[in-house]
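One chain, chain A, appears in both complexes that follow, with chain B as partner in the first and chain C in the second.
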Partner chain A sequence: MTTKDKYKKVAYYPGCALEGSGHSYNRSTKAVGKALGLDLVEVKNWNCCGAMEVKNIDPKIQTYLSSRVMSVAANEMDMDVVMAPCNGCYHNLKKAEYDLKNDKESAEVVDRLSQKAGHKTYESGQVETIHALDWIKDTIGEEGLAARVKNSLSGLKIANYYGCMYTRPRHIFPEKDAGPGSESTSKPHFMDDLLAAAGAENVDFPLKTACCGGAHTLSDSDISTKLVLNILKTAKLAGADVIATECPTCHSGLEMHQIRAEKTLGEKVDIKILYFTQLLGMALGLKARKVGVHENISDSIRFLKEKGLG
Partner chain B sequence: MRSLAELEAVFEPPPATSDIEASATMLLKASEEVLEHWITARGEVPTSDKREGFRLLALHRQGAKGDPSFNACRETCRELIYHYNLICMDPVHSDITDRLYMLGMISRHLFLFISGKMQVAELGEFCCSSKPIRSAETAT
Partner chain C sequence: MPIHEKSLIRPENLETHDALVIDGVDVSGHWSTFIKTRVVSDYNETLQDEIAALPGGEYIHRCWQCGSCTNACTVNEVNPDFNPRYWIYLIRMGMESELLRDKDIVWQCVSCNKCTYACPRDVFPEGVMKATAHWLERKGHTPKSPSTIFDEVFTEQVVATGKIEESRTIRRFFARTKQKLLQDWMIEMVRRMLSGLPIGMLTRMGLATFVAPRTSNWSAASAAIQEYIDEEHEKQTQALSLAELVETAKNDVAA
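Let's turn to the complex of A and B:
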């Protein structure tokens, strides 16, 4: 079976953020999947991946939590691909996969906890975890996408922001940096490729993998605000009028600290922040509401209408 | 080595455009100092080696040793060098002022990211990169 066919039906792991602050990412991912004829089957009774909090308390508990999601997909749903649109979930599932393959102690802890919880232990290699970017890039691709575009994104200048968890650490993503066609950890381009296929003009954005301070948001908002403000201003200086995101933590951080920067630092940066799935959805002819633009914190409706979208 | 507060004053305003190359070099040197702070806080002596012709990249490599999450600023360092090279290779380019401003934004991001990790009291439990430093300070 080719990768293209394999990814047409995947186990969908939205994760906690996509049920809360990142709901528009959830909505737009599902809407784009439907519009492209791709099948998402939500992981049954899924749990938190362990996020950042659990990882810092006990990394092996995080490995277990992520392994349970993969175990349900593999052993209870008979799926061999899990698609996680959230960078944090994607990162943690990949990390768990790596640890289970390479660390005997992690495998023992996961086995013990799985038995205690009463489900089958996940064995490394049972599923492949992919991101929403891989999912669309490898099933539909740029040519397929371009052929389906109903409302070109032409006229939109986009800074693609990948955040820091999509590519780091490199060793947990063996499929990246693997030659032609693969994603790059130093200069990721899958989002750029897809949005360009939908007609957008991507700007050269030097902070596409820089930290947005997401991990500091609760503990040190001022640092996060300064980091986000710097990202927004850099995107603006690069000529962008939209920042496209693919991570709910980054997206929320950019939106919230854009407002906070204006309130606390008196600096307003007029740039729109939209999930790449929202942009693709509108390019495919979906209404702005259908891809959850109204659920974003920042108001992009008027801007999108001016551009003939949504 | 200047203090982080002094360095912040370097990165805060847009860089002076009267002598573009001098401003670019000043930003590069100040960025090296930021990395020196991180390495010194780890109890190490900042290297004077160069990597791919730049001390900044050697310092980043040293700072990330044993702490892969510090690589969250790896590409920021590489972009900083790329933009520095853009300026030095063609100092009369029509976009030279914007290129210098961009170098200023990238340098500032590196400063914000690393100095954020150096502010122990404000850092939360979530920040994995700074955890070894905070743990070491708690132990002493």
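Let's turn to the complex of A and C:
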């Protein structure tokens, strides 16, 4: 079976953020999947992957939490691919996979906790974890996407922002930096490729993998605001109207600190922030509401109307 | 100059003279500033082992001081005093008092992992920063940082229910850090968030704040996780000799 076929039906792991602040990412991911004829089966009775916090209490608990999600997908649903649109979930499942394969102690702790919790222990290699970007890129691809575009994104200037957890640390992503066609950890381009296929003009944006300070968005807000402001201003200087995101923590961090910079530093940067799935959905002819644009904090409805989208 | 000697040229270690005669020679105008002699004697030889006993600090011994971590660091760009390379050096040398000068900023690591990406020796500096921040707290050098309090509030909720409901986490965090929840920018954010949302969506969000989402049949997992966390906490308490520390403090108070 080729990659394309294998990813056509995947276990879908939305994660906690996509049921809260990142709901528009959840809505738009599902809508895009439906429009493209891809099948998402939500992981049954899933739990939190551990996000960015649990590892600071104990890294092996984070490994266990992520392994349980993969165990459910593999052992209770008989799925071999888990797709996680959230960078945090995607990163943690990848990290758990790496640790379970390479660190005996982690595997022992996970086995002990799984037995006590009463479910099958996840064995490394049972599932492959992919991001929503891999999912669309490998099933539909740029050509397939271009052929399905009903409302071209032409005229939209986009800065593609990938954040930290999609590429770092590199050892947990063995499939990246692996020759032609693979994703790059230093200059990721999958989102650029997809949006370009949908007609957008991607600007040259040097802060693709800069940090938005998401881990300390509330506990050290001043640093987060500075980091976000830098990202917003650089995108604007690069000529972008829109920052495309692929992570709910980055996305809400950008939206939140855009407002905080305005309120506490008097610095207003007028740039729209949209999930790449929202942009792709509208390119596929979906209404703005269908892809949850009204659920975003940053208001881009009028801007999109002017561009003939949504 | 070896890195730690930069501490010798801090203002309090400098002596400046307007007029100076050395061995009968008037050197005024030639040399006027001297660095005080200082012999470092307060080494803490167990420092590296203690950091290595905490999660994330395991590979600190691999460091060869190339400085790629500090060069790549997100926080260093905002605050030049935030210097992972230097702290790793101090820990490996056992120079605790010098490390303590920066005790209030170590927790500010944002876990972007640029250091881990850049490190040629797999030191995992991000983990070392977390271990160091926890060491400072557990040894009583600093109060729990807002970041640690957030991690605790978050983890408690995951252990209890299996899932996170964000508004609950945020409210508990603000309450525990004694901050005002309704800050100007927060009110503005909620205002913008609510404008344009349909009633159904608002009801769903409202309900989530009363009925926390949870993973079903979670209680066995919850108990197993808590048991493990407690065991690890106890191991760390022993590795850091915290019982002795408390005993010493008691004796000091009694004396």
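Note that in this section the second predicted complex is superposed on the first by the 310 of 310 C-alpha atoms of A that agree within 3 Å, B and C clash if a C-alpha of one lies under 4 Å from a C-alpha of the other, contacts with A are read in each partner's own complex, and residues count from 1 in each chain.
Following the convention adopted for this analysis, a contact is a pair of C-beta atoms (placed from the backbone, for glycine too) under 8 Å apart; a residue touches a chain by one contact, two chains touch by 3 or more.
Quick caveat: nothing in here was measured; it's all calculated off a predicted structure.
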{"item": "Three-chain arrangement built on chain A, chain B and chain C clash or fit", "value": "clash"}
{"item": "Superposed model, chain A: greater residue contact from chain B or chain C", "value": "C"}
{"item": "First (chain B), second (chain C), both or neither touched by A:206", "value": "first"}
{"item": "Touching partner for A:131 - first (chain B), second (chain C), both, neither", "value": "neither"}
{"item": "First (chain B), second (chain C), both or neither touched by A:168", "value": "both"}
{"item": "Touched partner set for A:237, first chain B, second chain C, both or neither", "value": "first"}
{"item": "First (chain B), second (chain C), both or neither touched by A:226", "value": "both"}
{"item": "First, second, both or neither for A:30, with chain B first and chain C second", "value": "neither"}
{"item": "First, second, both or neither for A:260, with chain B first and chain C second", "value": "second"}
{"item": "Touching partner for A:109 - first (chain B), second (chain C), both, neither", "value": "second"}
{"item": "Colliding stretch - chain C into chain B, listed as 20-28, 38-46, 110-118 or 200-208", "value": "110-118"}
{"item": "Contact residues of chain A, present in both the chain B and the chain C interface", "value": "52-53, 55-56, 164, 168-170, 210-211, 213, 215-216, 218-220, 223, 226-227"}
{"item": "Contact footprint of chain B on chain A as seen in their complex", "value": "52-53, 55-56, 164, 168-170, 186-187, 206-211, 213, 215-216, 218-220, 222-223, 226-227, 230-231, 233-234, 237-238"}
{"item": "Chain C-touching residues of chain A, taken from the complex the two chains share", "value": "16-17, 19-21, 23, 45-48, 50-61, 64-65, 68, 109, 112-113, 116-118, 164-165, 167-170, 185, 210-211, 213-216, 218-220, 223-224, 226-227, 255-256, 259-260, 262-264, 294-295, 297-299, 301"}
{"item": "Chain A-facing residues of chain C, complex", "value": "55-56, 74-75, 78-79, 108, 110-114, 116-117, 124, 127, 130, 134, 145-152, 154-155, 158, 162-167, 170, 173-174, 177, 184-185, 188-189, 192-193, 195-198, 201, 205, 208, 213, 215-218, 220-221, 223-225, 227-229, 232"}
{"item": "Interface residues, chain B side, partner chain A - complex", "value": "68-69, 71-76, 78-79, 82-83, 98, 101-102, 105-106, 108-109, 112-113, 116, 119, 122-128, 131"}
